[in-house]
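Chain naming follows the written order as A, B, C, D, E and F, and within any one chain the residues start at number 1.
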Amino acid sequence: MTRPSGRAPQQLREISFTREFTRHAEGSVLVSFGDTRVICTASAEAGVPRFMRGQGRGWVTAEYGMLPRSTDSRMGREAARGKQGGRTVEIQRLIGRSLRAALDLDKLGENTITLDCDVIQADGGTRTASITGACVALVDAIASLQAKGLVKQNPLRAMVAAVSVGIVDGQPVLDLDYPEDSSADTDMNVIMADGGEFIEIQGTAEGATFSRTELDSMLALAESGINELITLQKAVLAQG
Amino acid sequence: MTRPSGRAPQQLREISFTREFTRHAEGSVLVSFGDTRVICTASAEAGVPRFMRGQGRGWVTAEYGMLPRSTDSRMGREAARGKQGGRTVEIQRLIGRSLRAALDLDKLGENTITLDCDVIQADGGTRTASITGACVALVDAIASLQAKGLVKQNPLRAMVAAVSVGIVDGQPVLDLDYPEDSSADTDMNVIMADGGEFIEIQGTAEGATFSRTELDSMLALAESGINELITLQKAVLAQG
Amino acid sequence: MTRPSGRAPQQLREISFTREFTRHAEGSVLVSFGDTRVICTASAEAGVPRFMRGQGRGWVTAEYGMLPRSTDSRMGREAARGKQGGRTVEIQRLIGRSLRAALDLDKLGENTITLDCDVIQADGGTRTASITGACVALVDAIASLQAKGLVKQNPLRAMVAAVSVGIVDGQPVLDLDYPEDSSADTDMNVIMADGGEFIEIQGTAEGATFSRTELDSMLALAESGINELITLQKAVLAQG
Amino acid sequence: MTRPSGRAPQQLREISFTREFTRHAEGSVLVSFGDTRVICTASAEAGVPRFMRGQGRGWVTAEYGMLPRSTDSRMGREAARGKQGGRTVEIQRLIGRSLRAALDLDKLGENTITLDCDVIQADGGTRTASITGACVALVDAIASLQAKGLVKQNPLRAMVAAVSVGIVDGQPVLDLDYPEDSSADTDMNVIMADGGEFIEIQGTAEGATFSRTELDSMLALAESGINELITLQKAVLAQG
Amino acid sequence: MTRPSGRAPQQLREISFTREFTRHAEGSVLVSFGDTRVICTASAEAGVPRFMRGQGRGWVTAEYGMLPRSTDSRMGREAARGKQGGRTVEIQRLIGRSLRAALDLDKLGENTITLDCDVIQADGGTRTASITGACVALVDAIASLQAKGLVKQNPLRAMVAAVSVGIVDGQPVLDLDYPEDSSADTDMNVIMADGGEFIEIQGTAEGATFSRTELDSMLALAESGINELITLQKAVLAQG
Amino acid sequence: MTRPSGRAPQQLREISFTREFTRHAEGSVLVSFGDTRVICTASAEAGVPRFMRGQGRGWVTAEYGMLPRSTDSRMGREAARGKQGGRTVEIQRLIGRSLRAALDLDKLGENTITLDCDVIQADGGTRTASITGACVALVDAIASLQAKGLVKQNPLRAMVAAVSVGIVDGQPVLDLDYPEDSSADTDMNVIMADGGEFIEIQGTAEGATFSRTELDSMLALAESGINELITLQKAVLAQG
């Protein structure tokens, strides 16, 4: 059985990270998972939301958006419709939770880092690309805070990356593109930390249900894909 | 190690279902998971949303809400604030997806069933109680549609139930109440169909990450808990 | 002329109050006027709205909602539509005004009591049931504040109850249910205090206008109905 | 006891109606109740709202607004805040109900008349001035529809007028201005049709409750005031 | 070539200003440019918006609205639709900028003046009438602030007026009314200060583009029209 | 007097256009005016808005947005705040009007082209860059419609470009960057068509007013800058 892209089941798309993609943000990364391209910026600000004040801990939050024509047919602009859709809200909450797990918030001090993930071209897997790219932007933002003396100890606990896995035509595959995503029986997003621990698992069967065996084979694919992604993140960060 | 409620790790709270709880809806169930109480109603209407018209298939959707004082301190009313919060949106999308998996939508015909899950008292696990109760209301609504001749063949594929599992103080436990939920390292919601297949898994580590071993023990607890819940659903439905 | 329910013109529906219906609120009452059922909770919080600060007086406010399937056909959820409808706003303002008249706000001190009236099943007269049930919840909330020492003197001036009256097929009747409400020429809501004084009168003729004679006979029915309701409120509160 | 304005208890303020105040509307009236000035326009359009289509009946609806500086201190503009306040909603629903009672909607045919009541200067009693002025505008709009042949039979059943009455310093008074309104124990708005029948009564006691005797004396004042107002409406309409 | 109104190309409509049009505002002017009539009020309040605090400087801002039936066919009320349209936002920003240029904000001290321009009848040129009328209201409001000792030195730098010019049927004309506005190839709004300096120019070609020669002839018309308007403003203000 | 960037007064920033920047849109251009970078996409859809149906003419509209961290400090996301700000509305209306002037809408047939201009990095002049880039995307979208046979005759009347001019420290300069924009006395945006005709002029003096002489010198700079821009547009389009 062949994947539409010709990839092997356990093969990631071509992954790239462009750091310093825009000039104003403390961290700015253009991440590509094949044709999926997301601008991830990390903005640091002094202070934390009201519910956290006075505890000496920091905060990480995320917002997500898609340019109206990032998709095959134009979507309405959420700012024009006056509200963010349910899918957007779900995704940005996921990104925020995932990246908070990357940091020791006590070491961040009372600073807030906002991760903006804006999809400029979508071909499946925008949320996993967002998380994986946002982690690189987050590391750059932390370096900037440390360079300015605003953060004393590095709060990074572990690199975080995410990938989708699914069952397509009965076969477990890694890193689904849009044609696979649309025809998958099961779609699962896995977010893990460097070292093999899980941060979040979200598996959904809208079409067919999935068995424990299928779950296990998807998890195995995800673990190996995330290892590769973290290696790539580290390589691009090593370029200084 | 003792749970705050004195339950064994693999022990559900006291579960009850009150059918025909209100009189207007095609299906109306008050479900209790211990002190968590949710009114689940299933409303059937002819027709489907625009994007599905003309395909001869039905639709199932869900809405979720909490009464302002269902919780320990009063929450603002979402209708008064003019928008549903992110958590609400996430939960109602999950309920809808889970119950769509219970049905063969082709057999439903062009009918829509809306599941309203309104929490009147919260003590942890409102989303899993909602799904488990809504499935009973859904079965009653289908019976009503069949009795009126609006649906020919029973579209039910399998009973669906949901339960939370988590790691609290290092120990995997089933069906977390609010005190456990607040102190859990990992919290996972598992939705399964009668027969042991998975519909959705959502596991989140905000505090500590979780290992594959912990994941496996949580899944085992969930499978056994869901078996019990489905037995209880069938018993209450058997009362006719 | 017979009423659809077989009641006599001056006869209330069966009335019941279930105190401590939910466990978190300072006062929580399930009130039934026949098939109309409303959860009334009273939530006490320290402090008052900005426009009242520093005067040493308390505040009472109300919010009203209907579960989507409390009615014969499902209504859209106000939280999902992003705004409360005109009828909702009108009713919750009425509940708030009526219950403020029950208290000496000076004796309440700078505390706010919020009355949430959520209709779980509607069969006419939801606003009068809400006011009558909320008064019982309010008394329980005050007792809770006094027990905690947060309020020194009992601020209750008088019990407050409400009932609808109307002209149906030319005949004045008390406590209209939905079939009567839909066919009434005139519908009036009367809110009174223990002792026979008026708090609010709202009489509306959308179909036919009403004469002074009809007004007088409706007021007489209301006065007697409210006497009965206040007797019932006191009886349930006497159960301690 | 003297009223702040020096008026006798049963004395209206100076009332005036300026017809054809603006040139586009089918009916346009500037009404003054003393210093309270409201522009009332009646706009006729073919067609009725969806819920009334195909019944051959017409519809009358109303909208109400206050210019931001119609009051002593500037209020926020509702269009800028993005929603109409509760008081606005309550008032415009009252105006609509009151004026629907003036017409035989069957004779109106499938036409909609929208009454816009915009307060340009407020000194108490804006809702009663709005109703009283809107009725004159409505008559002009009907004449315009008849002149164009769009309505065959005059749908007007009766002139409608409204006035406020209240108890101020223990004394019943007619047509309260702002200083009286702010200090009244009870405030009641009465809407009546030509001929002495009631359309709507709304009496509210936020401060002190009111007795049946006080209610009767307020109703007597209202009846006499409305007689005067209807005489004035007819006089200005007689000017052709 | 004749204009629909019979005016000469360089002729303004009949202009009038009624000061003290409503009684509450510090400045209140009804301005008419022919059949275009706008109520302009200037409301002074102590304090400035947050972003300006502590600088000792004042602020001038504007809001604009049209009564629903100020136009030939009724427009939806912006307060009811829950948002101000793009055209409204554009116009009120223009009014605010234009009138800020009239004042030395340092001399105003930390006071805010809000200019509300509410169109009661529209026949083209509502934004230019608004600016021209608001300047008169602003001068009255400043006099009121000076009389109360709240402002020491007169902050008025120059009178400000505005007029529209356009190319209609190939001919440059001054102060377009609605029939001309609808058929114009180019429409330009010019705002100038007493003394011949420009504050704002907005020229738009939706139909045909315009040449530099046409631009020059429109600017010449505007300069002469604004001279006339400022003479009229000064005359009405001289009446004390 | 030197400009902060070292440019001569009549010198544009470095301008570049990247066509086919994203793959889904009919036209997609990344435009740079120095450090200002905007993604301009042109999306073609069959059909026109309701108010234009049945006339056989097409429509061009625009939406504008800024990524939250396109600016020096992070701005709130408009989708999250639930409304587009006044500046956004003003700019997108300007882009739409300007590009409609580029086309013969009759030749476009009943098709709508939506221009999305999303700023990914801002350094002044985002609206003029947007218009200039959107025109290139528009030409590509038209070519796509022609290639598919959906449009018969080329509707392009003229290339359209835009540039800002201003008076900075008393000197007229072309194409202001952010440091100049913040300190300018006058800022003017000029939109012109190929051939030297004007489409829109918007000149604003918030600080100091400007004289006719200054206006003339700004217009001269704009004309020469736009000539250059149109030459560059044509060059990039000639690359096929």
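In this text, a residue touches a chain if its C-beta (ideal position, glycine included) is under 8 Å from a C-beta of that chain, and two chains touch if they have at least 3 such contacts.
Which chain is which protein? Per UniProt: A, B, C, D, E, F = Ribonuclease PH.
Keep in mind the model is a prediction, meaning the values are calculated, not measured.
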item	value
If a chain touches chain C (Ribonuclease PH) and chain F (Ribonuclease PH) alike, it appears here	none
B-C, A-F or A-B - pair sharing over half of the E-F contact pairs	A-B
Distance between chain centroids, defined by C-alpha means - chain D (Ribonuclease PH), chain E (Ribonuclease PH) (Å)	33
Centroid spacing, where centroids are CA-atom means, of chain A (Ribonuclease PH) and chain D (Ribonuclease PH) in whole angstrom	59
Separation of chain C (Ribonuclease PH) from chain E (Ribonuclease PH), taking each centre as the mean of its C-alpha atoms, in whole Å	51
Multi-partner residues of chain D (Ribonuclease PH) (at least 2 other chains)	82-83
Chain ring listed from chain E (Ribonuclease PH), with chain F (Ribonuclease PH) in second place	E, F, A, B, C, D
Chain A (Ribonuclease PH)-facing residues of chain B (Ribonuclease PH), complex	83, 86-87, 89-90, 92-93, 97, 100-101, 158, 188, 192-193, 196-206, 209-212, 215, 219
Footprint of chain F (Ribonuclease PH) on chain A (Ribonuclease PH) - complex, ascending	22-25, 28, 35, 37, 39, 41, 43, 45, 63, 65, 67-74, 77-80, 82-84, 88, 114, 116, 118, 120-121
